[in-house]
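Next, two complexes with subunit A in common: one pairs it with subunit B, the other with subunit C.
Moving on, here comes the complex of A and B:
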């Protein structure tokens, strides 16, 4: 029997937080957007993190499969990355002139990412998806952008939807929507909006929430590429979430096609705050003409961390390693679920797997199982894909499966 | 921001649609209709069409106006909305001789409804009034969610992102509603029917504070004061419609 965690300190902190911070914890790490069901099963604040482990404010330890929603790819506080950042910090970080680390980082990305002839740096994924769309519009002199339904490309008004609070019709009036994997519908859109579509933007595969993640059908991306070429439309891959967990050369490379622009963030510097837009030569002058910058975008410490991170990922052949770890975990979880008669679906690429107990389409049973895992020290979420990091050991995977086993037994007893 | 036709549906099925609940909950309202046997229809060109049937001391709502005793017909949603906000006086197309019911029964009923839905602080200090008022608000909101999801263009977008299923809305031990979703069209279902997602307010005071905008729903989820679960994408999208409800009912 595993110890059941208590969260008294987390609750105290949340009570303080709601007094001075809108909704206590806003966004994806908050209990509402994070789908903490029931909320009492989840910690709300962390104290520290190390390797694959997250420690909450009450001192409970978790094998963390959210990895800060992606940035933790080598392990929290990876000594090599932290040392590179520390060395740069002694030299300078946010200064009047950029450091040469910026050039070295761009050179390394151009050498690593298949389509990259240049790199432009910012802070968040949203910064570079926004720059990508602006670039496409500036290059094509067109307005409309095609999205695949179920997408997430950030939080700027253009990425949101007409029914979102604070978004007005004009923000999204040039957004066109098409179902994932529906090449005929996309072709139809191009015909309906002849000469109007600036860009098609998509994640490399559909990792939407509350549903099994869906890989591209055979030749789907190649057909999208052909349509974009035919109509003079820019193809943008938002690799913010999947980047470097499928292929260090970019997820377009993994699926055998070439994007015109590719967006990275999350895993780019193992948690140091930097994002990058990489692109093909023909768009470089267009990007040069766009007014786009920020107070901290040229800071040198995240560049140094990013360089160390990419070098280490290359050395480890990291995507292969993460996919192997994810596959071992996937198989262990599925086998354990079967013992209790549950049909656990594990979808997506194993390095960023999505979980769903398919026996109950309402997801309530799944939410119960996830909650029982969290209370015993495995941090899963019930609505979102998960992330594997390099520090996850075979022992951690075994412990995860053991905890999952006990969690299955709890829900089985509860419902039998 | 407000679409006239969608507002007409809210006025018809959410506001007037709460009169049956008013007649069940409030003695004064029940007293007004206790000896009545009459039906009052509302027909809006290109918009809602409904009848309130008063019989045996109860009021029920039926869709359509076939056979109603008094028919109020409106040439536009704007005129119907005008009747609701008091700027248009309707003339019955049918049942002119029964106009006394309109003046002596129906108008006082709507006055009572207004008092409960736009309650004063003084009235709300009375616990019984507070509880009835909150249950009636719950009824208005539940009905308005359905009408907007089916008729307001922004809310239709929210509905387009919902999956088939049933959402349970409830104030625990007070009132329940089930909102069914089928092919992105919403409807009210039997309050006992099975559900695939839920948003439950554990007590009536929390529900009221949320309705009045005094506490934040996202923070309330974090504090455990609002319970959500199941197919949360439907709750998420229903909450976006709820934002529109507050625009229409302001």
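Moving on, here comes the complex of A and C:
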């Protein structure tokens, strides 16, 4: 029997937070966004983190499968990355001129990412998806952008939806939408909007929320690539979430095609704040001509951390390792579910797995099971993909399966 | 006679940079942007920084009056701020849940900034100007935004210009423009666009590039405030550049009026990467309803640094101190210019001074003088405002004036 966690301090902190912060906690880390369902099963504030573990404000420990929603790829507070960052900090971080770390980081990315002839650094995934779309528009002198339904490319008005608060029709009137994996519909869009489509933007596979994650069908991306070539359209891969967990050379490389532009953030520097747009040579001058800059974009500490992170990921052949760990966990969870007669669907690439109990259309049973896992120290979410990090050990995986087992038994007893 | 600097290593690094980075160095820190004129007088890469000094890749030392374009407000590598950040880093930075540092920072800002009933944190100034405009549109259910000509509010497409690369007409078709300090023109805009104006957005005074900086005329802001109240329009102050160098309570407070929303970045955490939107209570729920988030936005290290930075700025009564230092420098430079028969105009608030030699319509003489200063160790720019930081000593100011004196003598000899 595992201890059941309580969240008194988290709740006290939240009641302080709502007084001075909109929503108390806003965005994807907040209880209002829909990742924490049921919200009463979740802690809301952390005290510290180490390796694969998150400790909440009440001192409860979790095996953290959200990994800060991606950034934690090597383990929290990885000593090698933190030491590289610390050394750079004694020299300088955000200064009037950039340091040579910027060049070294760009050179390393060009050497690591298959399509990268250059790199441009910013702070948010959103910064680089926006720059990618501006680059496509500048290059093609066209306006329209194709999105795959279920997409997420950040929070700029151009990538939001017309019924979202603060968005006006002009923000999104050049957006076209097509179903994931529907190559015929995409072909039709190109025919309907002849010579008007600046870019197709997509995540490497559909890893959206509230739905099983879906890989590309055979040759889907190759056909998209062909259509883009045929129509002179820029192909943008948003690798902000999946980047470096499938393939260090880029998730386009994993699926056997070449993007023109690829967007990275999250796992790029193990949590140090930096994002990058990488692209092919033919777009480099276009990017140079775009007015795009930010106060902290050339800060040297995140570059030093990013260099150390990429080097360590290369040394570990990390995506392979994370997919292996994720596969072991996936098999363990599915087998345990079976013992209780549950059919657990685990979708997506195992380093980014998505969970759903089948034959549960209301998702209530699934949410109950997730809640019982969380309250015993396994930080899953009900409707968002999860993330594996390098510090997750075989013992952690075994403990996760044991807790999942007890959680299954609790819901089985409750409903029989 | 001061030593004349050479930039061999900077140039070597730049030739490496252009191979893997668009423009080599992009944005406001790059040689293409127009701040470094003449570019051959400038170093391009830094090796380290400390206090008020920047050391370039060739080991040359500068008294740095750009302060990373604002972030360096207490001195580079301030030990107090760095220690607060280091302590937080051992606990955790970017983790799955926010830490209590987020709440403490929001509480401190609400206690410091006059109009702040709440705070929302992000990474770029651009993030929070965008959120401000979205908030105004959501609150008013209107589209149009009034800008003061000469403005800069970041790089999102909505705040760029139609002839800029990558921008489409839909991005900017709801923008209205009015001359700075022209209250009658603003009043007319409100009459022409009755019930259509969501927001007026402005810097606290006109501190744009390539022009003398201009303070608001008497009662200008009070009249703008009255018009906004009359028409139900949200008044947004973009304090990204000037924030905390005029008044810790906000630059609106310095000029005796109240913004509805105020945007901070740069000096908020002495270079640690964080920005903030602060606002009045009546807009808090509207902000809560907007979909706005980012991978690193709740990172705890920049919050810890921001708390330490605000506390130290309060203890030092910093804006007063920076304005005093700026005033001493300004008077020294003007007096030295006079010795050589030059009329040096120093505009803007002295903690953010802008320089121009008068009776020099081509600006060539001014640029020559700036070049001679830079090559001797005073990092000025020709057409951008400057920044004062707390670590600038009286000896630094004296040395600056001595170098400026020699630079005046060089151009005097050259042109007589």
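Convention: the second predicted complex is superposed on the first by the 414 of 416 C-alpha atoms of A that agree within 3 Å, B and C clash if a C-alpha of one lies under 4 Å from a C-alpha of the other, contacts with A are read in each partner's own complex, and residues count from 1 in each chain.
In this text, a residue touches a chain if its C-beta (ideal position, glycine included) is under 8 Å from a C-beta of that chain, and two chains touch if they have at least 3 such contacts.
Not measured: the values here are computed from a predicted model.
Looking at A:44, would you say it contacts subunit B, subunit C, both, or neither? Reply first, second, both or neither.
Touch partners of A:44: subunit B and subunit C.
Have a look and say if subunit B or subunit C is in touch with more residues of subunit A.
Partner with more touched residues of subunit A: C.
Thinking of the overlay built on chain A, is A:23 touched by subunit B (first), by subunit C (second), by both, or by neither?
So A:23 meets both subunit B and subunit C here.
Per the contact definition in the header, classify A:107: touching subunit B only (first), subunit C only (second), both, or neither.
Touch status of A:107: second partner only.
For A:93, is the partner it touches subunit B (first), subunit C (second), both, or none of the two (neither)?
second
Tell me which partner A:31 touches in the superposition: subunit B (first), subunit C (second), both or neither.
Only subunit B is touched by A:31; subunit C is not.
If you stack the two complexes on chain A, which partner ends up touching A:164: first (subunit B), second (subunit C), both, or neither?
both
May I ask you to decide whether A:383 touches subunit B, subunit C, both, or neither, giving the answer as first, second, both or neither?
First partner only, subunit B.
So subunit A touches subunit B in one structure and subunit C in the other; where do those two contact lists coincide?
The overlap between the subunit B and subunit C interfaces on subunit A comprises residues 22-23, 25-26, 32-33, 44, 164-165.
Could you list, by residue number, the parts of subunit C that touch subunit A in their complex?
Counting only subunit C, the residues touching subunit A are 13, 16-17, 20-23, 25-29, 32-33, 43-50, 54, 56-57, 64, 66-72, 76-77, 82, 86, 89-100, 102-103, 106-107, 109-110, 117-120, 122-127, 130, 133-135, 137-138, 143, 154-158, 160, 164-168, 170-171, 173-174, 240, 265-266, 271-273, 275, 284-299, 302, 379.
Which bits of subunit B are touching subunit A when the two form their complex?
Residues of subunit B touching subunit A: 154-155, 157-158, 161, 165, 195-197, 216-219, 221-224, 227-233, 237, 240-241, 243-244.
Write out the stretch or stretches of subunit A touching subunit B in their complex.
These residues of subunit A touch subunit B: 14-15, 18, 22-26, 30-33, 35-40, 44, 161-165, 209-210, 361-364, 367, 383.
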